[in-house]
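Notes follow once the structure below has been shown.
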Amino acid sequence: MWAGILLSLRQELIVTGIIFFLLFMKVGATEYKTGVVLNWVNVLLLANFVLGFFPVSDATLFSGMFHTNKLIVLEKNILNLGTLIVSLQAYSWLKDHRQVQEFYILLLATLVGFFFMISAGNLLMFYLGLELSTIPLTALSSFDLEKRQSSEAAMKFILSSAFSSALLLFGISLLYGATGTLAFDGIAQRLDGSAFQLFAFILILSGFGFKISAVPFHLWTADVYEGSPVTVTAYLSVVSKGAMFFIFIQALYTVFKPLAGNWYRILVLLSVLTMVVGNLFALRQDKLKRLLAFSSIAQSGFLLAGITGSSRTGEASVIYFILVYIFSNLGAFGVVSLISAQTGKESINDYKGLYASNPLLSWVMAISLFSLAGIPPTAGFFGKFFLLMAGAGKGNYVFIGIAALNMVISLYYYLRVIKAIFMDSQPQPIGKLKIPILPSIAFLICVAGIIMTGLIGWIYDYIYSLSIGI
Amino acid sequence: MNLSFLVLVPLITAVAVLFCRGLNGIRWVSLAGATVQLLLSFGLLALYWRERAAGNGTAMLFEYRHAWFPSLNIWYHLGVDGISIAMILLTAFVMEAAILVSWKVERMGKEFFVLLLLLSAGAYGFFLSLDLFTLFFFLEVSVIPKFLLIGIWGSGRKEYSAMKLALMLMGGSALVFIGLLGVYYNTGGAGGPHGFDWQAIAQMHLPAEVQRRFFPFLFVGFGIFTALFPFHTWVPDGHSSAPTAASMFLAGISMKLGGYGCLRVAVYLMPDAARYYSPIIILLATIAIVYGAFATMMQKDLKYINAYSSISHCGFILLGIGMLTQTAITGAVIQMISHGLMTALFFAAIGMIYDRTHTRLVERLGGLLKIMPFFSTVFVIAGLCSLGLPGLSGFVAEMTVFMGSWQHAGEMYRLATILACASIVITAVYILRATGQTIMGPVKDPHYNGLADATWNEKLAGVLLVVGIIAIGIAPFWLSDLLTSGVSVIMGHVEKAIIAGKAVIIKK
Amino acid sequence: MSQVPLSHILIVSTALFFIGMYGLFTRRNMITMLMSVELLLNSVNINFVAFNKYLYPDKLEGVFFTLFIIAIAAAEAAVTIAIIINLYRNFHSIDVEATGEMKF
Amino acid sequence: MPNYAYIALIPLLPLAGFVVLGLFGRRCFRHFSGLIGTGLVLVSTALALWVAYQYFFGTGHTALAFRSHPLIMLKADWLPFSPHLSIDLSAIIDPISVMMIAVVSFISLMVHIFSLGYMKGEERFATYYAFLGLFTFSMLGLVLSGNLFETYIFWELVGCSSFLLIGYYYERPTAVAAAKKAFIVTRFADLGFLVGILILSFQAKTLDFNMLIVQLLDPRLPHTTFLGISLLSWGLFLIFIGGAGKSAMFPLHIWLPDAMEGPTPVSALIHAATMVVAGVYLVARLYVLYGSDPGVLQIVLYVGAFSALLAAIIACTQTDIKRVLAYSTMSQIGYMMFALGSYGYTASIFHLFTHAFFKALLFLCAGVIIHQVQSNEIKGMGGLRKTMPLTHVCFLVACLAIAGIPPFSGFFSKEDILLAAYQANKLVYLLGLFTSGLTAFYMFRLYFSIFWNKPSERHPHKMPLVESIPLVILALGAAFAGFIPFSRLMNPDGAPEATHGISGMAIAPVALALLGIGIAAYLYGKESDRPAKVVAAVRGFYTFAYHKFYIDEVYSFITKKIIFNLIGRPAAWIDRNIVDGLMNLLAAVTARISAGIKGFQSGKVQDYALYFFAGIAGLTVLFIYIYT
Amino acid sequence: MSASAVVFYILSFFILGTGLLAVTSRKIFRSAIWLLFSLTGIAGLYFWLQMEFIAAVQIVVYVGGIVVLIIFSIFLTQQSGKDLPAPVRKRAIFSGSVVCAGFVLTCLLLRYPFRPLGHPVAGAGLENMGATASVGNIGAQMLSTSEYGYVLPFEVISILLLAAMIGCIVIAIKIKPEDK
């Protein structure tokens, strides 16, 4: 029995193991070189990612507090992949940072948090996972200790997240009061659409909305993304958001299934708001990180649109899009982090004439941005297409029309960046940059992912075959 | 033959170009690719004729299906009929010529050719695909290359134009997207699987109210690509700022994507709605024709002249489609081909002249016939084709459209037809003014005298297109014969719809 | 205690919750904002305990939840204070109004 | 009956000439190009004459049944529109088409030969012959085509080649302008033709001439009307507009005088003998239909008569030799038109026939003269009778012919016309009579002021044989073509008309012609101030006529001021500023909104928390209390 | 009304009053003390609810831990005795109204028919050991893996505390110049 338990918990255990390994490395007598540590960590993460695919049967452990199945394993693998890419790209930033081990300990702690959150079968576990992933993240976001912006970001992040988790807890407590249980299945049984329960639901929803930065709970996003170190921002924007969407869609499709009629309307509203506001703000940004922050807000609007489909297609397309989004967004953030680590430049105007000096980086950036904009043959096109297709399943074409027009708006600001890179020029452009080996591997993965994920049809079909729908 | 070749050849060529070093290598490789493509297209035509001669009456030939996203019933599904073969031939011709004229591209040559080839791959895929998803995929593929080609190698307000073009076309495809989703979710009837296979959809005959709801999305969406008034404003800026090859492709092929889509998707899948909206279509098309022609008269820049005249000419396409008669639709398709060749030729000539004189302003040029007889001849031929001189393709296309439109008895339709006919006089006016001022007359600028005439590649490009134009102009029967079967399939649906509509009316 | 209806306890906790929220909105000193957060969490705790005691006494879910919340609150407070101190080093002030570098 | 398959060669040989010379002429054989072109045309002329002989005098062809309905052959499906409606390429064989191919090829041959000398040493000699070939091809195709749409095709081609030839000296802005004008004006007329075709084809469900006529005369045809006039009449009228445009009838005549910018042989060929009579040919081709529709025929009648008079008056005032000839052409075509209008089918065709000879001759002589004096102005000329005797004689013959002095060809045809007019409409008859007088006057004004008027000194300039031969041949034609028993060969229904010899009717016109000649001799016989006096007497009218009644000015006002300024410019402006402005406005509005809402991202964490909770409250209120 | 009820109402007034003072007082040090009182009051409330263990934890963690931490941080960051800056007027008004509205809304929603499941435990309910919040009981459940066992959350939170600790160290540690 223990073997079975350990096996089902293996992803969490491996990551925890890495954490302790790093801890011992740190506290041990010998002082390791940063480069060595980085190589070790990346190798371990790679191993972790590979082991993740080791097949294992579905299981429900600890009286339903922890449950796992193929889909959840897949989701965790996706998160592993994201983390791996992020850490590969972090190289150029971390290699002259003193506290690498601490960085990774915190990062992986959040990863464990996400894992437990995803496979939580119980509000308590969910909450613990959430906090386990949030608190270290806030610490991470002030990891540039001397940077004013970094600490400001961290402050905003922790205060807002404390507030939002307080509201979430309030909602959970009310839900507990109304249903008398914390177990998901128990709650699902006792839900009737009464006003009190709806209120509790909306409070919990706001907790989710905070993490997936849905308007109007998104306001922390831009500042935190801008202030935090690029690596942390990348992690926030893909892994954290992705994990949140995984659990969110589970919660909506299973726990709050009885309220589907209600949350459909709410989600449509949130989705429209999120897309529109995200795009409108992104239009006027000149700092690349901030622009990407708002673009990621808009992207979650599209994801919400996918969720509203409340069908098997919806679930599959959301998970698929997260995968695609990891590749695309990390491609973009990778370039940004490389450049900002080597030159400290982060505004669009600095990127003018980049193509002349760094064609490779420029193409990576371009492909990622086109994928974000959802233009074929990049995978982003398929992702967006399926999301909106799922959304249209409900027959609400006005909503889908707004979404489609938002795709046009978003194209504008992505093209602005492309224009700066390829068409404009400036007196002192960014010089030729050397791309270290690890980041270049990351770029390779991203680009390959962007091209392949869409054109190879079975990836989506595999996800579809795993997903349950509502 | 496996139609995927037609999509793969340009891609393979592009990859090959990526790996060659030295401008010459790049040029020759891409030229070779384009030539292979041209030959393939001719082969396709031959095979098609053989099949038909063998009595193969199926609507679509050489179908190739491969499950792409089975869970969503999305297929990678290719197939051709006469119409698509004609469009593919057109694309092949224009591509060959485009690569020939862009021989002189020095700056970032590799990127240029790669993008051009990607663009063409998109167009081929579009004309080949029988699955709406595949079609949409290929429709949008072309957005990136267009944007980059115009923005990087363009002239004038290139960034603005590139941005405008990209956004407006994206808007168009957004509308198309909504229409497609609407179609998708109304297929399969009760509980059956939804699908994108357009033949199947056409067979199942979507309910009338669905058609009326989604037809505008599809038609306007595709219409934006083919300069439907009032969404045509990307055309002048886009065409005039684009580099020669790109404007050839834009005006020659990309605008045809829209017309093809309007015909193949909008009208074919939603005949009832097509009938219902045809007065509006006719109205917009007529406005585009007349107003475009008048606006052209006032232009000073050769590229603007051609761009606006494209608006006017593409109006004929929409007019023909909107008239919903066999002849008119055939005419519309012929007009697509003819305008594709003609405008490509025009832009080629303009581009070559611009390379030498570095101006496109009519009042600056003059007496070019003395200096560059080849360009001038090409230019004049293009002009005569555009004003519909018999023996050149333009005449065939326009006359077919007029004939067909006149079949549609009805005061308003007749009026529209007459106005359209009148536009050919205006066309004559602006074409002759342009020709008279640039080609004929005394040489305005003394140091034009030293300028050289065409090099071999430019000559080849010009000849290629001229041959195409004349081949249609003096022997149109093969083309119309090629198109008949495809068009009559569409018309079959339209007539069924008309009967069905009558039946509904009778019931009421 | 059985004479006091549950709703009164809930009203108390809700009141405490909104008091805390008011503090969070208005206090410009970050540490006082942190205090307000603690109030919020405590009101939640009261809710859990009360519900558990009054409605579902045969299990201790609420109680356990409370325990975990308390623990997490401690951790959160610690991290927050660490962040605030670091921020104080950079800004030489812990007035939230002073930290508005990133906006719009 | 013999087969006429070889008739296809007649147009195709010149086409071959065009292709060969056009592609390789400049490079390969620029000096023989003239000979090549001429040779080809020579062959097709021979064929044409053979056809004519076979047709008119061949065995068994005089049979009425054969003449009466045209023979359509070599039918090839060119562009099918719908099962029954298609553009065929086919050749029609009936009296007029046969006559026309003979005339066209013959005149064209003459011009080809003449040009060998005349255009020698031109820069674009080969191109010139290529264009001539193109024109000959199109003109022959036009007269041979057995399908209404086919006619239109060649109609356009003819216009194009005329454009190319007028613009032959493309470096002269005037030439370019003239070419443009010719093309655009005729194009405008062709619009009428096109719509007419659409109407007729829709009515008749066919485009083939024979079928067309049969269908349209079918009484069972549904009689649809537009604005109270039957569609058939509309169609015929619109087609006549097309014809009027090509044949320079008022008010579409303005292009013809300017067209004289082209090389003189071209004017002889296109703008005197062949193309300009295409309108007449068109009406004649559909004559049965026109005959069935008196209303339209009236229009034809009056337009013709008025144009004839107008042109004659203007011709009296012009001083450019070619312009005078141009106006006289217009006037003569006016004759043909009103002949048709007054059921004088045969007469009109007859006049077309004779006119071809003497007008071509006149132009060629004018060409020779212009080369001699290096100017078009008759002021500079005078007393050339001794310097160029041959030209003098030919010119005189032509003048006599056009003036209608017996026994020259013009006399017979013109007299037939006047007879027809007399039977049809007295007013028109008087106009015609007056015009014939004027004709004699201005022609001899020209003649005298060129050849007499000044004392002439003899140093005869020698003319190359290639130039003199055509002159002589044409002179013979102009002199004796009248004796051909035309009326027996040609008439609308094939039945031979009772030919009348010299009847009393002939006296008046001849007398008037002589009077005109007399006046001309008196005024311009020798240098004097008499013309000035006369002009002074009618100053106002003279200037008015001298400026062609300001018709050109009216046109240019309409086009430049009204169309360009009131339609074109606004359209262009609207497009840039309003339609495009809307698109830009959308973008601007979006930007404004995004600037407007930026305040929410205030950078104050407390605001964020506040909005956060406000959002929750909003959602709660919205979805709990409003939508439930 | 019975004594316990009276006790309850006094307690709740104490809690709310001190809480309100804690968030409004202009002297930061005092507001810390008010918070301390308020938390202690809550501990009292737990006693009143016969949740002794929770009360104890409350005292230990909050009063003994967090508040002390807060006071230390006040010493670190604040020169005491100086008044806090007054809240921004506009925001104060707006948030005051929002909070009141929220409070009213929530109270309205609290009128929800809570259905008790299982029987309330009267006094020291010895009926079902599973339910009484005795220390032993809680400890047993905390570490049991069986039904209602909380070992997994226990482990998870250990990781969380570890991470939080490391985070605090990393952030708050004073980096000596020569290390940079």
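A, B, C, D and E label the chains in the order they appear, each numbered from 1.
Basically, contacts are C-beta pairs under 8 Å (C-beta built on N, C-alpha and C of every residue); 3 or more make two chains touch, one makes a residue touch a chain.
Quick caveat, the model's predicted, so the values are computed rather than measured.
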Study note, to complete from the structure: Sorted by label, the chains bordering both subunit D and subunit E are A, C
**Study point:** Least step count from subunit C to subunit E, where 1 means the two chains touch
**Key:** 1
Practice item. Could you say which chain's mean Cα position falls nearest to the mean Cα position of the entire protein shown? Key: B
Practice item. Quick one: report the Å distance separating subunit B from subunit D, using the average Cα coordinate of each chain. Key: 37
Practice item. Let me have the rounded angstrom distance from the C-alpha centre of subunit A over to the C-alpha centre of subunit D, please. Key: 78
Check your understanding: Can you give the whole-Å distance between the Cα centres of subunit B and subunit E?
Key -> 71
Check your understanding: Just how far, in Å, is the C-alpha centre of subunit C from the one of subunit A?
Key -> 27
Practice item. Quick one: which residues in subunit A touch 2 or more of the other chains? Key: 124, 128, 131, 135, 138-139, 142, 145, 154-156, 159, 163, 177, 180, 195, 199, 222-223, 284
Revision key, fill the gap. Contacts with two or more other chains occur in subunit B at residues none
Review point. Among the residues of subunit D, which are close enough to touch at least two other chains?
Key: 598, 601, 603, 605-607, 609-610, 613-614, 620, 624
Practice item. Chain pairs that touch, all of them, please. Key: A-B, A-C, A-D, A-E, B-D, C-D, C-E, D-E
Study note, to complete from the structure: Given the complex, residues on subunit E that touch subunit A span 106, 109-110, 112, 114-115, 117, 145-153, 156-157, 159-160, 162-164, 166-171, 175, 179-180
**Study point:** In the complex with subunit D, residue positions of subunit E that touch it
**Key:** 91, 94-95, 98, 101-102, 105, 109
Exercise for review: Give every residue of subunit A touching subunit B within the complex, in rising order.
Suggested key: 313, 316, 370, 375-377, 381, 385-386, 388-389, 392-393, 395, 397, 400-401, 404-405, 407-408, 411-412, 415, 418-419, 422-424, 457, 460-461, 464-465
Exercise for review: Quick one: which bits of subunit C touch subunit A in the complex? Just the residue numbers, please.
Suggested key: 10, 17, 20, 24, 30, 33-34, 37, 40-41, 43-44, 47-48, 51, 55-56, 61-62, 64-65, 68-69, 72, 75-76, 79-80, 82-84, 86-87, 89-91, 96, 99, 101-104
Practice item. State the interface residues of subunit A toward subunit E in the complex, per the touch definition above. Key: 16, 19, 61-63, 65-66, 98-99, 102, 105-106, 109-110, 112-113, 116, 124-125, 128-129, 131-132, 135-136, 138-140, 142-143, 145, 154, 177-178, 180, 194-196, 199
